[in-house]
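Take a look at the structure set out below.
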Amino acid sequence: MHPTTQATLAALKTVSTATLTSLLFKRGFRNVFIQGARPLKPGQRLAGPAYTLRYIPSREDLDGIEAFRDPRHPQRVAVEEIPPGAVLVMDCRGDASAASAGSILAARMQVRGAAGIVTDGGLRDAAGIAALEMPAWCAGPSAPTNLIRHHALDINAPIGCGGVAVYPGDIMVGDDDGVVCIPLHLADEVARDAVEMERFEAFVLEEVQRGVPVIGLYPPTAPETKPRYEAWLARRAALP
Amino acid sequence: MHPTTQATLAALKTVSTATLTSLLFKRGFRNVFIQGARPLKPGQRLAGPAYTLRYIPSREDLDGIEAFRDPRHPQRVAVEEIPPGAVLVMDCRGDASAASAGSILAARMQVRGAAGIVTDGGLRDAAGIAALEMPAWCAGPSAPTNLIRHHALDINAPIGCGGVAVYPGDIMVGDDDGVVCIPLHLADEVARDAVEMERFEAFVLEEVQRGVPVIGLYPPTAPETKPRYEAWLARRAALP
Amino acid sequence: MHPTTQATLAALKTVSTATLTSLLFKRGFRNVFIQGARPLKPGQRLAGPAYTLRYIPSREDLDGIEAFRDPRHPQRVAVEEIPPGAVLVMDCRGDASAASAGSILAARMQVRGAAGIVTDGGLRDAAGIAALEMPAWCAGPSAPTNLIRHHALDINAPIGCGGVAVYPGDIMVGDDDGVVCIPLHLADEVARDAVEMERFEAFVLEEVQRGVPVIGLYPPTAPETKPRYEAWLARRAALP
Amino acid sequence: MHPTTQATLAALKTVSTATLTSLLFKRGFRNVFIQGARPLKPGQRLAGPAYTLRYIPSREDLDGIEAFRDPRHPQRVAVEEIPPGAVLVMDCRGDASAASAGSILAARMQVRGAAGIVTDGGLRDAAGIAALEMPAWCAGPSAPTNLIRHHALDINAPIGCGGVAVYPGDIMVGDDDGVVCIPLHLADEVARDAVEMERFEAFVLEEVQRGVPVIGLYPPTAPETKPRYEAWLARRAALP
Amino acid sequence: MHPTTQATLAALKTVSTATLTSLLFKRGFRNVFIQGARPLKPGQRLAGPAYTLRYIPSREDLDGIEAFRDPRHPQRVAVEEIPPGAVLVMDCRGDASAASAGSILAARMQVRGAAGIVTDGGLRDAAGIAALEMPAWCAGPSAPTNLIRHHALDINAPIGCGGVAVYPGDIMVGDDDGVVCIPLHLADEVARDAVEMERFEAFVLEEVQRGVPVIGLYPPTAPETKPRYEAWLARRAALP
Amino acid sequence: MHPTTQATLAALKTVSTATLTSLLFKRGFRNVFIQGARPLKPGQRLAGPAYTLRYIPSREDLDGIEAFRDPRHPQRVAVEEIPPGAVLVMDCRGDASAASAGSILAARMQVRGAAGIVTDGGLRDAAGIAALEMPAWCAGPSAPTNLIRHHALDINAPIGCGGVAVYPGDIMVGDDDGVVCIPLHLADEVARDAVEMERFEAFVLEEVQRGVPVIGLYPPTAPETKPRYEAWLARRAALP
């Protein structure tokens, strides 16, 4: 596996998904934002490698309530085997008419050190999950057990989630806008560029608040913008 | 009508829709969760028998603004005749491009003692309704009067709401996840089982927080789980 | 341009979109509510003339990241040329899989005195926009840059937004339910009627809270309703 | 019931749904075309009064395969009681994931003299139905029995079908474009105007084929159009 | 693998998907009909075991046009390895905005003896595929290469197709209504019952054509129906 | 305007949209296929420059039946001014609940020499249009006049159609799969490459029919494929 450092993950928790989608777009990636996954509560950040769970449609003879008694049930195995720091990413085919997980499993994942949950299906007892420290993104609260619609099948296979390809180990980053999936081999360089881009945007925002027009400033096409930015950087560096 | 006791309704207000959908699934019911109905504000609970109102598409010559002047207009009659403790459940064919009710009618319903509102259409002046004590679930705020899209037709006929069959008298239970419709003849036994199931889940959650894996614990397939639960129950019973 | 007075705009900021859709319905307008546009934060009001921006689907050779370097890029020009008090209304063909604007442009618009943002697409860094004083309504937070999906084309052409025709200069009014588009030539009379209608509804709500049934009261078909309302108005006028 | 004459029905079978929607639009009706109902085979015409069947979502304990053993099952009763010349219009809430009827029931309806079938759900053994003389319009072929999704409830109540209000007795007219629902009290006058409008359009089409521009011709705003039309009518009347 | 005999497959090619969904419903299976898959041309029949191909969303760096140069590309491998008599069932997540296969691959599959194609995505050069003898069902013709939307990943893993669970080896049966997926272990008994049920329905249809009402006949709840059917069977058996 | 020669258009009428989308994908264009536009009848081909008509949502006071009396009504003007050989491409925001044109206007366009019609809305009297020689692609037959939903606004502005950017003059090519929009500056080279690619595919299809596997053949990665193709070309050239 690619040695994505803790430094990269730490950096990614400080930058926005808006910034990341722009940097990935510059590299030719147009489809990296998990469509339809909303945070269960505002103000949370997520960064960690994807650990995937694939659901297919359920079938009445295979997915009765007793299915959970099987100690090898993939949903339960996933919760017990997801590595600390990883993000459980679930492929529910965008169907939120049933849950993909609930608050007890989420609590167990938090105890085990998982970084968060991302699903294009529903989450049940969503208020209970929102009360945890571990953040979660989903297509909406949905009370019915996954068995009415979803059959947990594969752990750590490549999946689709919210219309995006997610390969195990890809870096999932989440904020209030939603979740972006960064192909693993790009995580380090994108993280580095994102920190730099947000530094520049902090400058831009100050300029805007001072009344500077955005044309010429953002992107910095006016000749005066870059020197002004360098001066701003120097002032900031000189702060005690 | 089935004598659903106040005790059953009181119990149902303490349990989650997630629990109830699981118990109904065990009994063969897969389609009891009103799809797409979200609470107007978090933290509310609902339990009461369904009192239904059916809308069909409106027609320009029948549904002018003067339609409301008719004292027999079914929407207004429903608001004045819904029994105390009942839940107004509206069939808007899942179309939230117009409202199914607004804050004045909701206020009247609260004064009359209705338990709440459930609709697969919109609600107008949704902030005004959210400010009431009586809770409401809908497909979203929507300002336009129902007349542009909906014609109120039937009171207390069986309807579809959010893809679910709702028969008058069925017990509607709502929480932050949404609303479940319990067939009336099952309400007592499901309520009883739900209280028991949530008692067990309180134990499970404590175990999980202590670091116990979910496999073997939930469902309790490991031989040690049931004795531990019984001990937990005994300790709880012994609390002053 | 029609001389919609500041008084009209001030009045419109005090009335609800529910009231306005009813008054427009009375005049034969059924399709004035921007479908799917939700406020980024609750409790805000908007009233101002529409200044429009039209997007068409993007094309790979025209909409690379360098497109923003063009000082004539319509999105950036719109932000710099929108008149104070106007509302930026964007036609994204109802596609929220990408953003139509982000927090830096929104901040610039606030500095320039714009009244608000309405879009049937997404907004990126939506939390940053929600933190501004200038309100915004959109189909949802969405991180990807508009370039992946949208090509900014026209400024101040008639557009569709959320299924509604919006002509430049039409008066956009927003609240927690959403946004209504008032054809310009009707703004004055609708504003006047709306204030009156809400005055009557304040009376109705007090009556309802006192236990008066809605039939005969709302609309006031019972003979006693109008005298009671006049007495209420008189009492209110007599307040110090 | 309104005495819609056989002459009216006969006339309506000769005119197009396009013509009828225009004439109803002139009278203020915008929503008369059953959305999403396609003919099972091309070239058929339908005109007859609506006889309605309402489905709500099915429920597992009420809608087992044995439900059809009940001689009062509304779907079967409808098939046996629909009057000769009437059109069975079914409200499936626009859900074509299951059938609303199949070829045996359709064959029985043909034997009994029904005029046709219109549904916003599916039809099963659609090829078998298409082979009948009695025409049918639906949202698509769909093999599953109605019981998996639909519960037949009401006969001859007002319904919604394809987003349109259908009152029993309304006149359903179908062609290759689809099906229009004419409010009963307008059927006679609309039929009369439709025949006249199509006579004019036959003239227009001949003119167009001769190279006459449509502006001034259709509608006939050019001063020469009406005299030319009258001459055309006279020539036609003089034909042997 | 279950020894589904050629006799079973031959029988299944003579019965309708409508019959099969009813028989599976009797056994508790409600979700066996591939939603949205239409035949490319009318009058074809299909019966064979599922051989599956799973697509996930494509990614720009992995799914360039050169991807097809890899001799291990799963789509091409599937076409070369599908056993004679098997049905290629593709999971495109219901997205028909691109093709899942085209006419050259379909021609190769026909040469290799495959029984047919079923996909919930699109097919390109659909007219070319329709001209083959091997039948195909899809969500619609769609010209774009799969690479713009789909990445071929897994061969013969369980998948979802049109909302239905398809396990490799399940028996796919198709006709003009669409495609049903029969769990493998039920194929023999369902085939046997289907032949019998269609024999009875042939009798029913004759009765209906003679004017017999469906109530009491279908299902055969009237006491005279079964003896009449037996007499009919006897007459049929006596035919030369 | 770019001098797209008649030779290019003639070539494009001989090649498939599948081929063209592949060639455009090679050049970095992923979004060129008009989603949801189906041919009204099979077996037709289209190639010609786009002449566009933009609709926005209609408004009751502007879009009454008398709107067509205005000789400057853009829909009528478009029909009278579209150049011979051009394709009328209409932006209906993907809404087929009303028509974008009917058979009289289509007949006029045929007389005037237009090449065809492409719309992401509906067409009325679709059977009448299908009977013309001029081909048409649309989202489906739809009887209601455009006035109930659409307001014709702009002629020959860039538009979106079926999710694709269409600039006036872009080359529209249609077949049974649907319609592709080729950016004008690429038409000549794409046409040239398409003819060559289809020549190769004719060879491939013959090989496949002879039993050659697709791997190594298509694309021609096996060393023997290209010499075999050259021999095939030589044989073909030598045919009398």
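Here the chain labels run A, B, C, D, E and F in written order, and each chain numbers its own residues starting at 1.
Operating definition for what follows: a residue touches a chain if its C-beta (ideal position, glycine included) is under 8 Å from a C-beta of that chain, and two chains touch if they have at least 3 such contacts.
Predicted model, so just to flag it, every value in this text is computed and none were measured.
**Student:** Show me the overlap between the contact partners of subunit A and those of subunit B.
**Tutor:** The shared contacts of subunit A and subunit B, listed by label, come to C.
**Student:** If you apply the touch rule, which chains end up adjacent to both subunit A and subunit C?
**Tutor:** A chain counts here if it touches both subunit A and subunit C, which gives B.
**Student:** Computing the C-alpha centre of each chain, which chain sits at the greatest distance from subunit D?
**Tutor:** The most distant chain relative to subunit D turns out to be A.
**Student:** Which chain's centre, taken as the mean of its Cα atoms, is farthest from the centre of subunit C?
**Tutor:** E
**Student:** Pick same or different for copies subunit B and subunit D, depending on whether their interface residues overlap by over half.
**Tutor:** Comparing the two copies, subunit B and subunit D contact each other through largely the same residue numbers, since over half are shared.
**Student:** Please tell me the distance, in whole Å, between the geometric centres of subunit A and subunit D computed from their C-alpha atoms.
**Tutor:** 50
**Student:** Just the number, please: Cα centre separation of subunit D and subunit E in whole Å.
**Tutor:** About 32 Å, centre to centre.
**Student:** Please tell me the distance, in whole Å, between the geometric centres of subunit A and subunit F computed from their C-alpha atoms.
**Tutor:** Distance between chain centres: 39 Å.
**Student:** So which bits of subunit F are touching at least two other chains?
**Tutor:** Subunit F, residues with two or more chain partners: 30-31.
**Student:** Using the contact rule from the top, write out all pairs of chains that touch.
**Tutor:** Inter-chain contacts occur between A-B, A-C, A-E, B-C, B-D, C-F, D-E, D-F, E-F.
**Student:** Which positions of subunit F touch subunit C when the two form their complex?
**Tutor:** These residues of subunit F touch subunit C: 28-31, 56-62, 93-94, 151, 153-154, 157-160, 163-165, 183.
**Student:** Subunit C touches which residues of subunit A in the complex?
**Tutor:** 16-18, 20-22, 25-26, 30-33, 35, 38, 42-43, 175-178, 180, 201, 204-205, 208-209, 211, 213-216, 218-219, 221
**Student:** For the complex, give me every residue of subunit C touching subunit A.
**Tutor:** Listed in rising order, the residues are 65, 68-69, 71, 76-77, 79-80, 97, 99, 102-105, 107-108, 111, 124-127, 140-145, 147-148.
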